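Consider the two complexes below, in which subunit A is the common component and subunit B and subunit C are the respective partners.
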Partner chain A sequence: MDKIELRVMKLTAGMLAIFLLALLYASYARNVGMPACVPYSGVFSKPHLQQIDSNTYEAFFVAKMWSFEPSDVYVPAGSDVDIYLTSSDVVHGFNISEKAVNLMAVPGAINKKTVHFEKAGIYKIVCHEYCGIGHHSMEGEIIVYDKTK
Partner chain B sequence: MTISKSLKNILLIELLLPTFLLLIGVYHGLMQVIYRSGMIHSQKELHLDYYQGLTLHGVINAVVLTTFFAVAFGHACMSFFLGKEPGKKASWLSLWMMVAGTIMAAWAMLAGKASVLYTFYAPLKAHPLFYLGTLILVVGSWVAFFDWVVLYKRWCKENPGKPLPLAILGTLVNFTVWFVCTLAVGYEIIVLLLPWSMGYTTDINIPLSRMLFWFFGHALVYFWLLPAYVMFYTMLPKLAGGKLYSENAGRLSFFLFLILSIPVGVHHQFSEPAFTPSTKLFQSILTFGVALPSFITAFTLAASLEYAAWKRGARGLFGWMAKLPYLDKNNGLFGYLICGMILFIFGGLTGIINSSYTLNAMVHNTAWMPGHFHMTVAGPVFLAIIGMSMHIISSITGKEIKFKGLYTLTPYLWMFGILIFSFGLMWGGLIGEPRRTDLGMTYLNPDSPLFRSDWVKTTGMALFGGIIMTIAFIFYFTSIMGTILGKRVKERAIEFPVAEPLHNEKHIAIFHTFKPWLAIMAVVIVLAYTPAIANALKNTGRGAPPYNPDSAIPVTIKNELK
Partner chain C sequence: MHNDQLQKEFKPKGAIAFFVLLLILCAGLWFSLYYVMLQKQ
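Let's turn to the complex of A and B:
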């Protein structure tokens, strides 16, 4: 291997290191985290929404062929929502594109992600993993309303 | 180099069977873009529904075609570069197993009993013959590999001290990775899925089954890619009229693939529960490592091409790009490889985006993903496969390539189509289009409450690109049919354009032995996968029974009988 070649390899390794640092920065300093890992318990198979304090909610979603339960969730603008997610049958997806919330609903395991909803609006939840013949109609909503109005 | 009749027949079957199956594979590709764009709002056309078609599309294009080709190309490389034909018994056994496996899986898919997509994620359940067929196809490819190892050992004994030809190194690395990774999916099929799909066990651990699948699944993408890399290193520089800039770079890249192809599978599971963030982060870092050999390859090949262009009289910093034999009708293979490489620039860069787990949350399982991997598997991989299939068929039958104009034009048209198609899909993915979804039924159906008007333009773009790709494939198919139906005009033989190294290279001992690399491979896999297995076992609360895709009630043997 000649000099130019070694130089290019070092440059590439350096570039990949920069990508990696950017990734670590985003995840630790800016908190763009991965879903958290929550131990399994039967509690999570009961779909419901629960208010913790004035702007914190816990939403327990259960994905099933072919809907989300609860299928629509109302929270005021400015809330933090802890989303817990599992599936009661096959594997499903849970994607809120505007918020980059991208989770898999896997039977026997619990997924969790905390999302902050600043702006009022209707946030669509789309199932983005094939889950059988009704997959293309599996959708839910999180409705973020304006408290002042 | 002349070859025996038996090997000629094996190669012909192994290359032509998937070529014919591609008619089904590409047909469904076209149907998918049509359904997705909302042109039709029906579940079924010609008795095949979207998800059944998508299963056929994935299995035929990404598993059957690629495996048959890798074995055929391996046979051809062994014969040509080692001067040793594979054993007759082993190679026929391997072929029959692969054919039998394909027929079993094809039956299950066409009968509508396996509409579970090519990743067969449990707890969706397919017919047991679907799993079994896939497994037999894989084991058939092992048989060919075991035979090559024998050839390789014999060659080493006969040629002490001689460097192993790079093409053989690449092929052996590829099948070593393939063998190891398919052990995991073999375990998934034999221990978890088969007994469960036949009713002997009631439930299985889903995170574990997914982890085993992706242990295999990421290495699978390198299994697709490495035959193309072998062509890039050992043939492309010659086709361009030059030499390989550095052979040692090629050896290093292949060995890096050996150690890093497998321990990165969890990067397909960033969005999943059960695996802890640290398990995911570790494999995310290793994934950056496996980008290194691709960068090395890009540099070495660009340097080789630049050298070739200089020899052709190119001047200036970028002048070399214009001075390559792009549309030379007697050098069609060059176009297939160069278009593949151009697509892979985009395929590789989007791959780095996917493997950064923070960005992955934006794109995972959206239409972005098929946008990305049609620039890898349907880009360099597919173009190398069809270009090389034509090359081998033409040389072993002694027939001249027919419709050379169409043949030469195909890769450029295909590349143009893919760029539009993938742009549409990736844009769609960024604005939320899910993948693996019959969008025409709901999201792209103006009569549905789920209608999304913002996805009309993106799915329309994918449709437009998909139509161009289909036309390109028809060009290729016409040309290959013309070729096999033509008359023999030359000796039957295997010929490859062989690129010599440009420099007189230093002999670096570590690049000429497998052992240390195999040891590192084992260590890295254990390090990466021990925590993953522990996570899957510890964090899974209950197993899951099997489901048919058309019912929310789990399958039990009693239900089946009713």
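Let's turn to the complex of A and C:
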């Protein structure tokens, strides 16, 4: 094999190894999770928020033309929220731009992502998958309040 | 004879430089998105 060709192969293999290590670091050291698919059940079709321990919540969102239900969710700062998402009509998007949340709401399917809200504030949810004439106004909020105030 | 010698010693410097720059650009884009993801976590 040509000497230069071998060097190029080593260089690219090294770069791929660096990418892989960075992903492993993000996954294990920084706890960056991937969205998961959950088996469909009737529980998810009823939009609600429930507390499952002192700082963990489950939010069941249903996307529909052209809103999210529940549209406002209140959780205290420092909470972990398990977001379960489905759609009752067409495919919608579910994006929290301040957080690494980018989900699809698909009828008959459930997507799940766990998000940690450390800072108090209003986190806007927007639909980022074109879903019809009211798409631009389809939004919701996760309001993270400071427990000490 | 002179041409043979030149061919043996030929090193594609331009192509290597282009490839290395491409890798740097790719790594730069990749790590900038990676950094955004970590910041949003």
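In this section, the second predicted complex is superposed on the first by the 147 of 149 C-alpha atoms of A that agree within 3 Å, B and C clash if a C-alpha of one lies under 4 Å from a C-alpha of the other, contacts with A are read in each partner's own complex, and residues count from 1 in each chain.
Everything below uses one rule, namely that contacts are C-beta pairs under 8 Å (C-beta built on N, C-alpha and C of every residue); 3 or more make two chains touch, one makes a residue touch a chain.
It should be emphasised that the depicted structure is a prediction, and the values quoted were computed from it without experimental measurement.
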| item | value |
| --- | --- |
| Touched partner set for A:I52, first subunit B, second subunit C, both or neither | neither |
| Subunit B versus subunit C as contact partner of A:I133, first or second or both or neither | first |
| Of subunit C and subunit B, partner touching more subunit A residues | B |
| First (subunit B), second (subunit C), both or neither touched by A:L21 | neither |
| Subunit B versus subunit C as contact partner of A:T12, first or second or both or neither | both |
| Which of subunit B and subunit C A:I122 touches, first, second, both or neither | neither |
| First (subunit B), second (subunit C), both or neither touched by A:G108 | first |
| Which of subunit B and subunit C A:V38 touches, first, second, both or neither | first |
| Subunit B and subunit C contact sites that coincide on subunit A, given as residue numbers | 4, 8, 12, 19, 22, 26, 32, 98, 100 |
| Residues of subunit A touching subunit C in the complex | 4, 8, 11-12, 15, 18-19, 22, 26, 30-32, 98-100, 116 |
| Subunit A-touching residues of subunit C, taken from the complex the two chains share | 11-12, 16, 19-20, 23, 26-27, 30-31, 34, 37-38, 40-41 |
| Subunit A partner contacts - residues on subunit B that touch it in the complex | 43, 49, 51, 54, 117, 121, 123-124, 205-207, 210, 245-246, 248-249, 252, 269-277, 280-281, 284-285, 288-289, 291-292, 295-296, 299-300, 303, 352, 356-358, 360-366, 430-432, 434-439, 441-443, 448, 450, 503, 505-506, 535, 539-544, 547-552, 554 |
| Subunit B-touching residues of subunit A, taken from the complex the two chains share | 1-2, 4-5, 8-9, 12-13, 16, 19-20, 22-23, 26-27, 32-42, 64-66, 85-86, 89-91, 93, 95, 97-98, 100-104, 106-112, 124, 126-133, 135-137, 139 |
